[in-house]
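Labels run A, B, C and D following the written order; every chain starts at residue 1.
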Amino acid sequence: MIKAGIIGATGYAGGELVRILAGHKDVEIIWYGSRSYIDKRYADVYRNMFQIVDDKCMDDNIEELAGQADVIFTATPQGFCASMMNEEILSRTKIVDLSADYRIKDVAVYEKWYGIEHKSPQFIEEAVYGLCEVNRGDVKKARLVANPGCYTTCSILTAYPLAKEGLIDMNTLIIDAKSGTSGAGRGAKTANLYCEVNENIKAYGVASHRHTPEIEEQLGYAANEQVVINFTPHLVPMNRGILVTEYASLKKDVTYEDVKSVYDRYYQNEKFVRVLDEGVCPETKWVEGSNYVDIGFKIDPRTNRIIMMGAIDNLVKGAAGQAVQNMNLMFGLPEWEGLELIPVFP
Amino acid sequence: MIKAGIIGATGYAGGELVRILAGHKDVEIIWYGSRSYIDKRYADVYRNMFQIVDDKCMDDNIEELAGQADVIFTATPQGFCASMMNEEILSRTKIVDLSADYRIKDVAVYEKWYGIEHKSPQFIEEAVYGLCEVNRGDVKKARLVANPGCYTTCSILTAYPLAKEGLIDMNTLIIDAKSGTSGAGRGAKTANLYCEVNENIKAYGVASHRHTPEIEEQLGYAANEQVVINFTPHLVPMNRGILVTEYASLKKDVTYEDVKSVYDRYYQNEKFVRVLDEGVCPETKWVEGSNYVDIGFKIDPRTNRIIMMGAIDNLVKGAAGQAVQNMNLMFGLPEWEGLELIPVFP
Amino acid sequence: MIKAGIIGATGYAGGELVRILAGHKDVEIIWYGSRSYIDKRYADVYRNMFQIVDDKCMDDNIEELAGQADVIFTATPQGFCASMMNEEILSRTKIVDLSADYRIKDVAVYEKWYGIEHKSPQFIEEAVYGLCEVNRGDVKKARLVANPGCYTTCSILTAYPLAKEGLIDMNTLIIDAKSGTSGAGRGAKTANLYCEVNENIKAYGVASHRHTPEIEEQLGYAANEQVVINFTPHLVPMNRGILVTEYASLKKDVTYEDVKSVYDRYYQNEKFVRVLDEGVCPETKWVEGSNYVDIGFKIDPRTNRIIMMGAIDNLVKGAAGQAVQNMNLMFGLPEWEGLELIPVFP
Amino acid sequence: MIKAGIIGATGYAGGELVRILAGHKDVEIIWYGSRSYIDKRYADVYRNMFQIVDDKCMDDNIEELAGQADVIFTATPQGFCASMMNEEILSRTKIVDLSADYRIKDVAVYEKWYGIEHKSPQFIEEAVYGLCEVNRGDVKKARLVANPGCYTTCSILTAYPLAKEGLIDMNTLIIDAKSGTSGAGRGAKTANLYCEVNENIKAYGVASHRHTPEIEEQLGYAANEQVVINFTPHLVPMNRGILVTEYASLKKDVTYEDVKSVYDRYYQNEKFVRVLDEGVCPETKWVEGSNYVDIGFKIDPRTNRIIMMGAIDNLVKGAAGQAVQNMNLMFGLPEWEGLELIPVFP
């Protein structure tokens, strides 16, 4: 039985970790870390867990937890994990960090986009970017995994095979993304009130969203060139789900079958990536509650562009599900253990 | 491996049966019966099942299916199951009927409220009303189980212990129920369009809803008297969930603890019934996707009434989940097999 | 031109007052009072008012405002208006108070249910309860109007004619109410976040909601007896709208036509009350954005109860619209001036 | 008093026309044309109009109507208006056609994208494209106005000044659009059921949506070159609202102020176009129920692209509101008569 601790267990991503790990046959949660609800029963914070989780919330003392847990998930604000990390912790436990602290290899880029000083840059090199379908081998050996962002997971996997195979002009890549509101977290902000989000859609963080450099770095590795993109997130009146619509000019004269075979080559053995049939567009509802990424595409001969679309559940494949997928890899378990969640519809 | 067939697999309750059974380790679905989508790939009707279910939809030939299946779930319009039933079918397979055809023991009551002739009244006597927490013993021995309605499951279980123990005046019982829209089914009707339901709430079937006699009959057995109630359903802009708010005058001078101990006596060993802590009101979101019934109550000394509240997911405990719970009982499996679904939040 | 000031202009009810008064041909808003947004442009708080309202938010100095305004609307937390009120203010301006401070004639009842001391009980006697359809004459002469609560407006008007005519047993009256989320205000609370309210329904304030004594008092005047009721509010995932479902035993043997004629006697000349046709249930969407109350009812001969249903837009007839209706009466304007708002559908 | 007839009065756009015209002081609706609800009371189809509209639905006999009405609005399926049009009708009344029949000047383009034969191509030349802000002068003199599509209105106005002034490379223009569900109409289709749309987002009509050539034609006139774009619509779980996010490469080195001054030059005297302050992104909720177009933009120096954003209410500025705006122009009324609708929030 793997002993798991969660720092930040009372945010939405933390709550989803609890839901998934509570159904994982090889894991026992030993620490429900929280800053706001210390000593409160976890099931009083998330009543869906009533009679399922009996424990109380603990603090966020990661040092103490490192002595007890085989793995620690940190679902914490940017900067927290970096500020706490040290060799002692890493020598005693494995870390899956759901924050952005170790995702970006160039610390200057991190500090510029996040506006904070990185407190433990010495571990950035070691940290493995935990996009399982891309870095599976490295994740298996990692002590410290940087779990990808929600937008980035969906954005990268949707374009990855075409970037890698040189089919698209990376300078033309535009990603228009739409997210449910759980991505904004459980903090009490006026902008996230029901009445402000409901019956409304808006763009935000235009040309400045922090997931931009993360996407650029990873797609840059794939394309083997420097990538600069436009990424525009939108807030959608729904709880869960991310849809990305990506536009890029084609570098070659390709047919539907050509592109489909590229996608299949990368993804047909991937349990959690489903390349849809011709003409089918992904919908967030079809992956809700699951770890799937659904991908579709359309070639437009009029403009010589390809429109790629991807859908995930932002709290599962975009956060907690992928974190568990990483944990499974790190501990030599079947990658899908605890993750065979069938999408809930409707 | 239990071979299961579903007649009506492409409605919302049928789809939920597929979701649950696909995760049930002792069941194999061998027949996806449909009237509208024969020969179409099931995953093209419900794309959440893409790469999970590869089969095509079959017709609704229950006779043929009876020769192949160990159990048949009928999630069909009222009257269908009754019109097809015969001794031969029942001698070859077990039936869990999700329609109302065998729920009501008095065929005249059925025919009056449903406005159709019952085609096989000879099986009504044998049929077991599949409210597992109440009729567990009989369900285990049944060939034919009448799976309770969604409103009725929630309405009955919320009041059952107090009715049984004579704490409430049954003549004063009023049930005000609220349901998500999946209860209205997947038929294409203007009244169920997104724009008609969204940002709207209404009562419907006032003093005439078909679940009324079903609730009255079952609570009548519990109270050992004839029960006539007001039951008012409302349509709420959400996909899933039923909340009932029940009002009744208390027949005895009781405290919170008195009532709580009655509820606990009936439910503390019930895996799927959660009696909430004092002062906590059930919310549909806390049971979404799960087979739980959450129950709370409040005594009002000003009026000498008790307000009982119950919440379920209408497609799970109110339909497919309870059907699987019944199947588990009928086949001697652990009652919760395949049903340890943790509520999804948010 | 009537000069109007609003204290609490940046809450949802205050915002709706601005929307309605901005379209009122005889009113000029001279003061957008706020506590949180002083000196901020009003249109930066509510961007729907961009290029419509150019003013900045002022403070909540009601004394100063009283010297400038012909009428002051106070859309403020309970206790504020009472704490500021004095004879000087009332001698210089008219007040429409949207809070509960002057709604309840018995100050002890107010202090018990609201848990605060009333700071100016000397004005309670004078204050007119501003339910226009009931107290029109008194409102016309008032200096200080207590604008009714949202739930209460809908609850009272739905039952009023039957209470007044002695058709229903007031001891049996149960009001099950459902409200959109704007009723919870614009304060940043976790419980009102999009993800907490969406796809969810719950009861709250069971047997303890503050609108209970207000309903009891007013229906008590109508029935000419002391009235004690059960009132249960529910939170519904929609922005606007209140639906009440009211249950009461009939004291006489009446037909549909009998009851309809009673309703018509009271309401057929009321511009803002629409008694629907037989068999039609009110829906909140049909009154959204308007000052209408839609009412329907159904007699249930099985239980000898009548089920009455009413629907309003909580921000219009339940708050700002009724406040303007009161203002129109106080200033001798046509009662519907600025209120001929056609419901928006869908 | 202008006598107006509506053919297609029972669709969502038709219903919105009724709402707006019922509040227009110079218009009387004399004909509520419908195909599905002939002889039914209009208020029984749209109960928000109870006690506001007493008339019954008529048929869609446009010839007869032409003899009675000063103006006819046709809110009908593609092809209907073209199939009925003749010189006699146009000689007796004015027409505002809300369908696509006369929007596209090249009949071959129309027939290709819409897949139907145009039955009266002889009137295409005469028809004025009713984008008031662009073609105001021609609209004033028109007998036949082609009211623009919802997506197109928003898409064109958002980019128009920059296209006209040559600031953007039209070959790089990509329009990612998001629409509420009322745009899909009131037809009873499974895909538009509440449970299918709610908690879901998807793209549709990728690289093939019919509004594409309409946008291309109009922006082509503005840019004075042939324009070929990518246009991708998405279905969003909300009733009303369209948001467009448009991407284009800048042809010149411009500052925020440069671009803002271009927008202002075109729109500062336009009552219904609001160019938002720097850094503010449009949100559909801020224009709901109104005839406004809200526009914002951001220059991204990293990619040398500009991101333009526009928001409208699809049923108002995207359909009925613009139709009334056109009617006002055609009859010499103030352009905003009946259209001073303040956005409803929340």
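Here are a few things to note about the model shown:
Everything that follows uses one rule, which is that a contact is a pair of C-beta atoms (placed from the backbone, for glycine too) under 8 Å apart; a residue touches a chain by one contact, two chains touch by 3 or more.
Not measured: the values here are computed from a predicted model.
Shared contact partners of subunit C and subunit D, listed by label: A, B. Interface comparison, B-C against B-D: more C-beta pairs in contact at B-C.
Inter-chain centre distance (subunit A to subunit B, centres taken as mean C-alpha positions): 36 Å.
Once the centre of each chain is set as its mean CA position, subunit B and subunit C turn out to be 38 Å apart. Inter-chain centre distance (subunit B to subunit D, centres taken as mean C-alpha positions): 46 Å. Annotation for subunit C: residues 12, 182, 195-196, 198-199, 237-240, 283, 285, 288, 346 touch two or more other chains. Across the complex, subunit D meets subunit B through its residues 12, 181-182, 186, 188-190, 192-199, 237-239. On subunit A, the positions that touch subunit B within their shared complex are 12, 15, 19, 22-23, 46-52, 182, 199, 239-240, 274, 276, 280, 283, 285-290, 294, 340, 342-346.
Note for the complex: subunit B touches subunit C at residues 174, 176, 178, 180, 195-196, 198-204, 206-207, 228-230, 232, 234, 236-241, 243, 245, 247, 281-285, 288, 298-300, 302-303, 305, 307, 309, 311, 346.
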